[in-house]
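Some structures to go through are shown next.
Presented sequentially are two complexes of subunit A, the first with subunit B as partner and the second with subunit C.
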Partner chain A sequence: MSSILFIALPLLFAFCVPLLEKLGRNGVAYASTLMQIFLAALAFSFFGLEHPQLEIIAIAPPLGISFVLDQASVFFVALFSSLMTLFSLYYLWQRKIKSYKNEAKFFILLNTLLASAVGLVLSNDIFNIYVFFEIAGISAYILTAYEKNAKALEAGIKYLLTGSVASIFLVLAIMLIYINIGSLNLALIAQNFETLPYNLKVLISLLLFLGFGFKVEIFPLNFWVSDVYEGSSTLINGLFSAIVVKAYLFVFFHILYLLLPSGEFSHFLIYLGALSMLVSQIVALKQTNLKRLFAYSSLGQVGLLFAAFSMHDSDAIMGAFFIVFAHSIAKMILFLSLSNIEEHYKSVDISILQKINAPYLGFIMLIAMLSILGIPLLAGFVGKFLILKSMALDGLFGAMAIILIASLLESVYYFKLSGYLTQKEERGTLLSLDLVQKILLSFLALLLVTAGTAPFLVLDFAAHAANVMLDAQSYIALILGAVQ
Partner chain B sequence: MIEIILSYLNQDIVIQKIVLIGSMSLLLIGLFGLLTQRHIIKVFMSVAIMESSLFLFFIGSTFNKNFTAPILGDGHVDFIHMNDPIPHAMILTAIVIGMAVLALGISFAIEYFKLTSITDIDRMNEMKN
Partner chain C sequence: MNLKRKLALSDISGFALASVLVLTIFNVILQNSLLTQNSAGNALLALSSHEGVANAVTTVVVYFRGFDTLGEIAVLFIASLGIGLILENPHAKQGKKEESNFMLKTAAKLLFPIILLFGIYIMVYGHLSPGGGFQGGVIIASGVLLLLISSNNFHMPHKLIAILETFAGISYVFIGLIGLLLLDTFLGNFLPHDISQMGMLFSGGIIPIIYIIVGIKVGSEMSFIVQNLLQRGEHD
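Presenting the complex of A and B:
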C-alpha cells in the first residue's frame, strides 16, 4: 500500500460527495468515517516499517514531489488519522443531539484537514509544504467560522488574517531559497544551505520562523489563538489542538533539523518555548471561559513541545513525542466532553463544572487533566520527565526552572477544575452519554493510562523515531539516492 | 535622449534593481496599509498588495529578458536559453491560493457585516472578556 493514499483518498472523497449524498442523510457521514477507519488501519500497518519509504509521484526528485514515510512521520500520520477517526465516530453519535448545517461540507473540510495535515508531515518539497500549509489553513478558517454567528465569523477573520500574513513570510522564504539554491527539494536545500552567506541564512531562518511561528502558536505570535478557540465550536477546537498545531510543529522542526543540523539558534528557541509556556499559563489563570482556558493550556503545552524539539537531543525529542501523544489525546477528551457539557447546560463558564451531573464524564476529564499536568502513571508524566531530565543533563537549568514554574501555575488552575468536578455540590440535571461515546472516551483515557503505566511498551519505538527525526544525513541520502 | 534612457534601462542589472526596488516598495505599501487601515476590506487589500509584490519580485528576479519561454517549437529544439518555468508554475499556484484565501476572507467580512454592521477591525471585539 502506498503512502499517497493518506492524501489522495480524503481529497478524492470531496469529489464523491454528490454521489454519496444520493444515499441519504447518512451516506456522506458513514462513507467518510469508513474511509478514515481504513486510513487509520493503513497507518498502523506501517508501524513495523524497517526502512523509510520514499514514494515518488510521477517525476523523481529533485524535480518531482515525493513523500517520505519514516518512523517519525508514521507516528504523526497514525496519530492524526486515528484521532480524526475517533472524532468522526464521536460526531456520528453527537449529531443525534446537534448536527452541523450542510454536513456534507463539514465532512469535506474534515477530510481536507486530515489530508493536508498528513501532507505537511510526509512531503519533502518545500513548495508542496506551502500548498498543504494553505489547504490546512483554509480548511481551518472555514471550520472556525462554520456556525456563521458573529463570534465564529470574527474568529474566522482573525485566523485568516494572521494566516495570510504568515503565508507571506513563508512564501518569501521559499522564494529566497529557490533563487539562491535553485531547488525546492528539502534534501537538496539541506545539502546546500550551509554554503549560503551567513546573513542570508539568518534572513531565511527568520522568515521561516515567522511563517511557521504564527501556525505553531509560539509566543509572541500566538495572540490570535484564544479568540479562535472561543469563537469556533467546541468540537472543532479538539481538532485544532490535537491535529492542526501538531502537524505544523512537526514540519517546522523537520525543516529546522534539515537546514540547521548543528542547532545554531537552539538556545534562543528553547528559552522562547519555555517563555511561551510561562506566559500562557499566567494568562490561563485569569480565564473564566473553559474554551479560552483550554486554549491557553494548549499554548502552554505547545511551548513545552517547542522547547523540547529545539534541544536537538534525541531524549528530549522522545519526551516531546510522548507529550504530543498525551496532549493530543487529553485535549481531544476535554473538548469532546466540553461539547457535550455545552450542549446540555448551555454554558462553558468555568463554574459550570461545579454544576454538571455527569460522574462518568467528570472522571474521564479528570484523567485527561491530570495527564496534561504530568501526574505519574499517566502519559503526560513520562513526556515531561524525559524532557526535564535531558534539560538537566544538558545544563539548561534556566529553561528548566521556567518550565517548572509554568507547570506549577498550570497545576493551580487544573487542580481548581478538578476540585470543581469532584466537590459535593448540588448538581444540575443528569447528562447521560451514548454508550458508543462512553466507549470512545474510555478508550482514549485508557491509552493515557497505558502509556503512563507501561511506557516501556512504546519507549523503543519513540527512541527510534526521535533518532530518525534528528538524522538529517540519512534523510538526504534517502532522497538523493533516488536521484541517481 | 529617450533612446539613451531606454538603452540604460534595458540593461539586466538595471532591470533587476527596478524589480527589487519596485517590489519592495509595493511590499512596504502593503505593510503600511496592513498596519494603518482599520476597514476590514482595506486590510485584506493590503495583504493582497503584499502578496502581489512578492510575486513580482520572484518572477522579476528569475526572469532573463534574453531567454525565451520554455516551450519547444518555433526553431527551438533544445532546452537552452529558456527561462526557468518553475517560478512561473509556483507563482501561478500561489496566486490561485492567495485569491481563494482573499475571497474567503471577504465573504467572512460580508457575513460579519450583515450580522453586526461592523467593518472596523478595532471594533471586532465580540470575544474580549
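Presenting the complex of A and C:
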C-alpha cells in the first residue's frame, strides 16, 4: 500500500460528496467515517516498517515531488487519522443532539483538513508543503466561520487575515530559496543551505520562522488564537488543538532540523518556547470562558513542545512526542465533552463545571486535565519528565525554571477546575451520554492512563522516531540516493 | 467611518517602519542572491520533451508537478464551497434588478457561444499552444458572468454544472490512482505518449486529458463563485 492514499482518498471523497448526497442524509457521514477508519487501519499497518518508504510522484526526486514515510512521520499520520476517525464517530452520535447545517460540506472540510495535515507531514517538497499549508488554512478558516453568527464570522476573518500574512512570508522564503538554490526539494535545499551567504541564511530563516510562526502559535505571533477558539464551535476546537497545530509543529521542526542541523538559533527558540508557555499560563489564569481557557492552555502546551523540539536532543524530542500524543488526546476529550456540556446547559462559562450533573463525563475530563498538568501515572507526566530531564542534563536551568513556574500556574487553574468538578454542590439536570460516546471517551482516557503507567511499551518506538526525526543526513541520503 | 480623516502620526511612522523593513529585505536579497542557473525548472523543461507534449510549460504544470495542480484544484474547490456557504442566505428576497439595455442583452447572446468556444479551444489545445485548463476555465466563467449581468432571468444550470464538477474532480484522482496501479507512481503517464506524435492533437498521453479536466473544474468553480458574489450584491 502506498502512502499517497492518505492524501488521495480524502480528496477523492471530498470531490465525490455531491454523488454521495444522493444516498440520503446519512450517506455522506457514514461513507466519510468508513473511509477514515480504513485510513487509520492503513496508518497502523505501517507501524512495523523497517526502512523509511519513499513514494515518488511522476518523476524522481530531487526534480519531482515525493513523500517520505518514516518512523517519525508514521507516528503523526497514525495520530491524525485515528483522532479524525474518533472525532467522526463521536460526531455521528453527537449530531442526534446538534448537527451542523449543510452537513455534507462539513464532511468535505473535515477530509480536506485531514488530507492537508497528512500532506504537511509527508511531503518533502517545499512548494508542495505550501500547497498543503493553504488547503489546511482555508479549510480551517471556513470551519471557524461555519456557524455564521457574528462571533464566528469575526473569528473567521481574523484567522483569514493572519493566515494570509503567514502565507506571504512563507512564499517569500520559498522564492528566495528557489532563486538561490534552484530547487524546491527539501533534501537538496538542506545540502546546499550551508553554502549561502550568512545574511541570506538569516533572512530565509527569519521568513520561514514568521511564516510558520503564526501557524505554530508561538508567543508574539499567537494573538489571534484565543479569539478563533472562542468564535468557532466547540467540536471544531478539538480538531484545531489536536491535529492542525501539531501538523504545523512537525513540519516547522522537520524543516528546521534539515536546514540548521547544528542548531544555530536553538537557545533563542528554547527560551521563546518557554516564554510562550509562561505568558499563556499567566493569561489563562484570568479567563472565565472555558473555550478561551482551554485555548490558552493549548498555547502553553505548544510552547512547551516548541522548547522541547528546539533542543536538538533526541531525549527531549522523545518527550515531545509523548506530549504531542498526550495533549492531542486530552484536548480532544476536553473539547468533545465541553461540546456536550454546552449543548445541555447552554453555557461555556467556567462556573458551569460546578453545576453539571454528569459524574462519568466529569471523571473523564478530570483524567484529561490531570494528564495535561503532568500528574504521574498519566501520559503527560512522562513527556514533561523526559523534557525537563534532558534540559537539566543540557544545563538549561533558566528555561527549566520558566517551564516549572508555568506548570505551577497551570496547576492553579486546572486544580480549580477539578475542584469545581468534584465539589458537592447543588447540581443541575442530569446530562446523559450515549453509550458509544461513553466508550469513545473512555478509550481515549484509557490511552492516557496506559501510556502513563506503562511508558516502556512505547518508549522504544518513541526513541527510534525521535532519532529518525533528528537525523538529517539519512533523510537526505534516502531522497538523493533514489536518483542514482 | 470618516474616510477623509487626516494622516495620524502613527500611520506615518508605521509606513516609514514598513518601508525601512522592506528596503532592508530587498537590500539583503540584491546583495547576496546567487541567481543560480542550473535550477530544477530548467532541468524539468529540458526533460519535458520525453512526454511528447509540445508545450513544455504544460508538461511541468500538469505532469511533473501534477500533484501541486491537484492541490490547487482542491484549494479552488474549498474556496468556492466556503464562499457558497458564507454568502448563502435563504431568507433573502429575490431583489429587483434594473433591466439591462438592449445592446448588452443582444451582445451577450451573440458573444456567449463564441466565448464558450474560445474557452474550450484554449483548454483542449493546452498541450500544444500557450493556455490550458486554468486559463480556459476562467474564460468560460467570464462568459457566464456576462450572461449573469446582462439578463435578469438567466439561471445557471446548477445540476449540470455540479455534475460536471464532480465528474472532473473524481476523474483527476482516478487517473492518478490508475497511474499508481499500472506504473507504480501516482499520476504516472499510462497512455501512449510517443515523441513522434508531438504537436498532434492526440499526443502526450494523460496530460491533455488532465488539463481538460482541470479546465472543467476551474470553469465550474469560478462560475459558482461569480454567481454567489453577484447574488449577494443584489440582495443587499
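Note that in this section the second predicted complex is superposed on the first by the 484 of 484 C-alpha atoms of A that agree within 3 Å, B and C clash if a C-alpha of one lies under 4 Å from a C-alpha of the other, contacts with A are read in each partner's own complex, and residues count from 1 in each chain.
Methods note: a residue touches a chain if its C-beta (ideal position, glycine included) is under 8 Å from a C-beta of that chain, and two chains touch if they have at least 3 such contacts.
Values in this document were obtained by computation on a predicted structure and should not be read as measured data.
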First (subunit B), second (subunit C), both or neither touched by A:Asn289: first
First, second, both or neither for A:Leu42, with subunit B first and subunit C second: neither
Winner by number of subunit A residues touched, once subunit B and subunit C are compared: C
Partner chain in contact with A:Ala155 - subunit B first, subunit C second, else both or neither: first
Contacts of A:Ala406 with subunit B and subunit C, given as first, second, both or neither: neither
Touching partner for A:Tyr178 - first (subunit B), second (subunit C), both, neither: both
Touched partner set for A:Ile56, first subunit B, second subunit C, both or neither: second
First (subunit B), second (subunit C), both or neither touched by A:Ile270: neither
First (subunit B), second (subunit C), both or neither touched by A:Ile168: first
First (subunit B), second (subunit C), both or neither touched by A:Tyr146: second
Intersection of subunit A interface sets (partners subunit B, subunit C): 127, 131, 134, 138, 141-142, 145, 148, 153, 156, 178-179, 184
Residue ranges of subunit C touching subunit A (in the complex, touch as defined): 25, 28-29, 31-41, 43-44, 47, 63-68, 70-72, 74-75, 77-79, 81-82, 85-86, 162-163, 165-166, 169-170, 172-174, 176-177, 180, 185-189
Residue ranges of subunit A touching subunit C (in the complex, touch as defined): 2, 4, 8, 11-12, 14-19, 55-59, 62-65, 102, 105, 108-109, 112, 115, 119, 127-128, 131-132, 134-135, 138-139, 141-142, 145-146, 148, 153, 156, 176, 178-185, 196-197, 199-200, 203
In the complex with subunit A, residue positions of subunit B that touch it: 34, 40, 43-44, 47, 50-51, 54, 57-58, 61-62, 86-87, 90, 93-94, 97-98, 100-102, 104-105, 108-109, 111-112, 115-116, 121, 124, 126-127, 129
Residue ranges of subunit A touching subunit B (in the complex, touch as defined): 127, 130-131, 134, 137-138, 141-142, 145, 148-151, 153-158, 160-161, 163-165, 167-168, 171-172, 174-175, 178-179, 184, 226-227, 230-231, 288-289, 292
